[in-house]
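Quick one: this structure, given as structure tokens, is what I'll be asking you about.
All chains are identified by letter, namely A, B, C and D, in their written order; residue positions are counted from 1 within each chain.
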Amino acid sequence: MKLIDINQFKAHLSDGLSIMVGGFMAVGTSETLIDAIVETNVKNLTIICNDAGYPDKGVGKLIKNKQVKRLIASHVGLNPLVGQMMAEGSLEVILTPQGTLAEQIRAGGSGLGGILTPTGVGTQVEEGKQKIIINDKEYLLETALKADIAIIYGSLVDKFGNVIYNATTRNFNPIMAMASEKVFVWAEKYVDELEPNYIMTPHIFVDYIVKENN
Amino acid sequence: MKLIDINQFKAHLSDGLSIMVGGFMAVGTSETLIDAIVETNVKNLTIICNDAGYPDKGVGKLIKNKQVKRLIASHVGLNPLVGQMMAEGSLEVILTPQGTLAEQIRAGGSGLGGILTPTGVGTQVEEGKQKIIINDKEYLLETALKADIAIIYGSLVDKFGNVIYNATTRNFNPIMAMASEKVFVWAEKYVDELEPNYIMTPHIFVDYIVKENN
Amino acid sequence: MNIKEVIARRVAKELKDGHVVNLGIGLPTLVANYVPEGIKVHFQSENGMINLGPKPDLTQEHPDIINAGGEKVSILTGGAYFDSFLSFSIIRGGHVDLTVLGSLEVDEKGNIANWIIPGKLVPGMGGAMDLLVGAKKVIVAMSHTNKGKPKILKQCTLPLTAKGEVNMIFTEMGVMEVTDKGIRLIEINPIYTVEDVQNNTEAQLIIAEDLKAMEIIYENNC
Amino acid sequence: MNIKEVIARRVAKELKDGHVVNLGIGLPTLVANYVPEGIKVHFQSENGMINLGPKPDLTQEHPDIINAGGEKVSILTGGAYFDSFLSFSIIRGGHVDLTVLGSLEVDEKGNIANWIIPGKLVPGMGGAMDLLVGAKKVIVAMSHTNKGKPKILKQCTLPLTAKGEVNMIFTEMGVMEVTDKGIRLIEINPIYTVEDVQNNTEAQLIIAEDLKAMEIIYENNC
């Protein structure tokens, strides 16, 4: 397990990366790591996140700073900038049902090719997708999703990289930690050791623990 | 939430039921609930369990008592009776890779039609199954699995039916609690209330809490 | 009492003891204020909690505890937190008894459109498509018309959120069921006539033989 | 030292610092006894734990803590428990660096057969099919022959557990790599000649130009 500081985290960033960002309406998003990405000013990012955050919170900061080429999310309604940029053509947005997005990410981290969901059948979401009938019911084949990097918000992180999330900060963090090549976790609180039974993300998914000043 | 006793549990049992039984080599299996099923002597059961337990432990007791028509499991090697009964033709065994079994049960509880796994490609496991190619890689389409009843072993169960499992007793219990019509949980310890952040099976999946003498 | 309150109060009567309920953002959220006495309902929030409690006061609120609308909330005794993945297993897997959603359009086939107005408004579907497909019962709670234009149509004109999933529609004018034969008006707000309701509805309504007055508690005119 | 120990000691040298490792039941389990000094390996058990520790003494053992073979074990500092579903996400998802499995047969295409002898023995595949497909590196650790009959074949005769997934084979006679061109002998136990090894192997071996002596710590003859 590697404990690194913000500058070392920045050294992993480059143009064109795909980044999974944990959080729901920016709760469970590490603003520290987002700010670091803003500071590096890397461009053409693909961001995978439940939503677009707010203009000055969460992934919204990256969007505002024009670092994002493509956003994969389920909801962008609370960030008016997104609608504007979509209309201008300066941001590509792939809207995905929230449950499907969760399944795609988990499939990516679990070595599955994809899953069959009834969600989106008969809507625009089915366009271009394979439909499979099982027991007379139609399902969409939704394929697995992975990323180069995940930034994870842990409420408690131990020195091994084990993570516990508090309350609704958990959201997409655990599955994103499984589906990315390099996983960085920032902690609200750094502790020595966590109770094995209550760990939500085991250390083997975490590549780096980032601490503001190490 | 309904707190019931063993006799009330027995009243839910009948011939021909499909029953998911949590546990791995009988660790995380409620012997109390297994014994109750043995006592009712209901027949022609379909049992879905990771393994066949031991002849006198876990689902092995149901097999020994000739109550099981069909067993869906990943491993039966530690119960010699099973091999014998398979050879005689008195027990149908469907062997499934352990990870696939877990995915099928979770899919059943999650409203998915199935999942695409690379496990089993090029083996007997692929027989009769649809193969789907994604990004030049072959996957098997494994369909969802559900049951009439699940019997769950909780280490700690609160009065609402929330469950926490200790150590390796967790195994298949959480996903089985999601995939069955009626879910019965037996507890090693009955408590008043559990910490919301560490609950592993939320109460909404649990229909009945069974207590030996209520 | 405004229109939203009328609708929320009536929808609340559909809640049954032990129900797992997911309320959409906006009007549907108000339903939680009118849970009938003597029953216990478990509100689920798709961002990862069950047994959602009321808005806490400033001293009680915690930045880690929000609902799907991003508002700070509380959790009741017996509640639990979980991740988004399990949350949608709950939703898609048929473990939610009832969902209440707002809408832009609904039609006589039970189709619903509420996630996009092409070229104008693109909020995204969030969890709505999963809720519509997965919840055992889908209730649409909305104003009957939009600036005088009907929202209950023969056929939705906007891109669908789900096909044939709506079970009931609650508006300030009445209560409707989606049946194989079309939309059936089963309760009417006594301040309107059947003609009023039909005139504000594009779909041809089937009028229940035992049409009842909408069971709402009127405190004043709306 | 018996055959099993020879093999386990040699396999242990493949362990690298930080590796996530899953050991099969039987011979492979012994590998845990010979982790090279100075490195830390995280042993995973598919029934739901990471950082598996040694067998506890009677006062320390707990009925809730077992490995995939059903034996009572311990957990080391930094370890975690999880359910079977997450456990196989770890396995299938490429988060296991190395798995060591025993086998009945292996062939020159990297095929492996170790879960069934039709009509005779039907233990089931347990987690083996997932481990073979998901682990980054697959090591087969087994006796070179079965009652004098080769187990390393041109083509497996028993039903496969996985197709083309084996990377290396460790036996008491030597160490082999599965390559595109066939099985390459890269280390040989000095008590055997190349001819001995080939005579006990059905597949045609490719002999490495830099064939080395098998790096084992001999305490006595086996």
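Operating definition for what follows: a contact is a pair of C-beta atoms (placed from the backbone, for glycine too) under 8 Å apart; a residue touches a chain by one contact, two chains touch by 3 or more.
These figures come from a predicted structure and were not determined experimentally.
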Remotest chain, chain B as reference, centres from CA atoms | C
Taking each chain's centre as the mean of its CA atoms, how far is chain A from chain B in angstrom?
-> 32
Distance from chain D to chain C - Cα centre to Cα centre, in angstrom = 56
In angstrom, rounded to a whole number, how far apart do the mean CA points of chain A and chain D lie?
-> 35
For chain A and chain C, what's the span in angstrom between their mean Cα positions?
-> 29
Multi-chain touching residues of chain A, meaning two or more other chains, are 103, 106, 111-112, 117-118, 165-167, 196-197
Residue numbers of chain C (touch at least two other chains) = 49, 75, 81-82, 88, 91-92, 133-134
Name the touching chain pairs, please: which are they?
-> A-B, A-C, A-D, B-C, B-D
Contact footprint of chain B on chain D as seen in their complex | 45-49, 62-66, 68, 70, 75, 81-85, 87-88, 91-92, 111, 116, 119, 121-130, 133-134, 159-164
What residues on chain A touch chain D, complex-wise?
-> 106, 108-112, 158-160, 162, 178, 193-194, 196-197, 199, 202-205
Inside the complex, what are the residues of chain A that reach chain C?
-> 24-25, 27-28, 50-51, 73-78, 83, 86-87, 93, 95, 97-100, 102-103, 106, 117-125, 155, 165-175, 200
Contact set on chain B toward chain A in their complex | 103, 107, 111-118, 130, 132, 134-135, 137, 139, 141, 143-144, 164-167, 196-198
Within the complex, which stretch of chain C touches chain B?
-> 20, 42, 44, 49-50, 75, 77-82, 88-95, 133-134
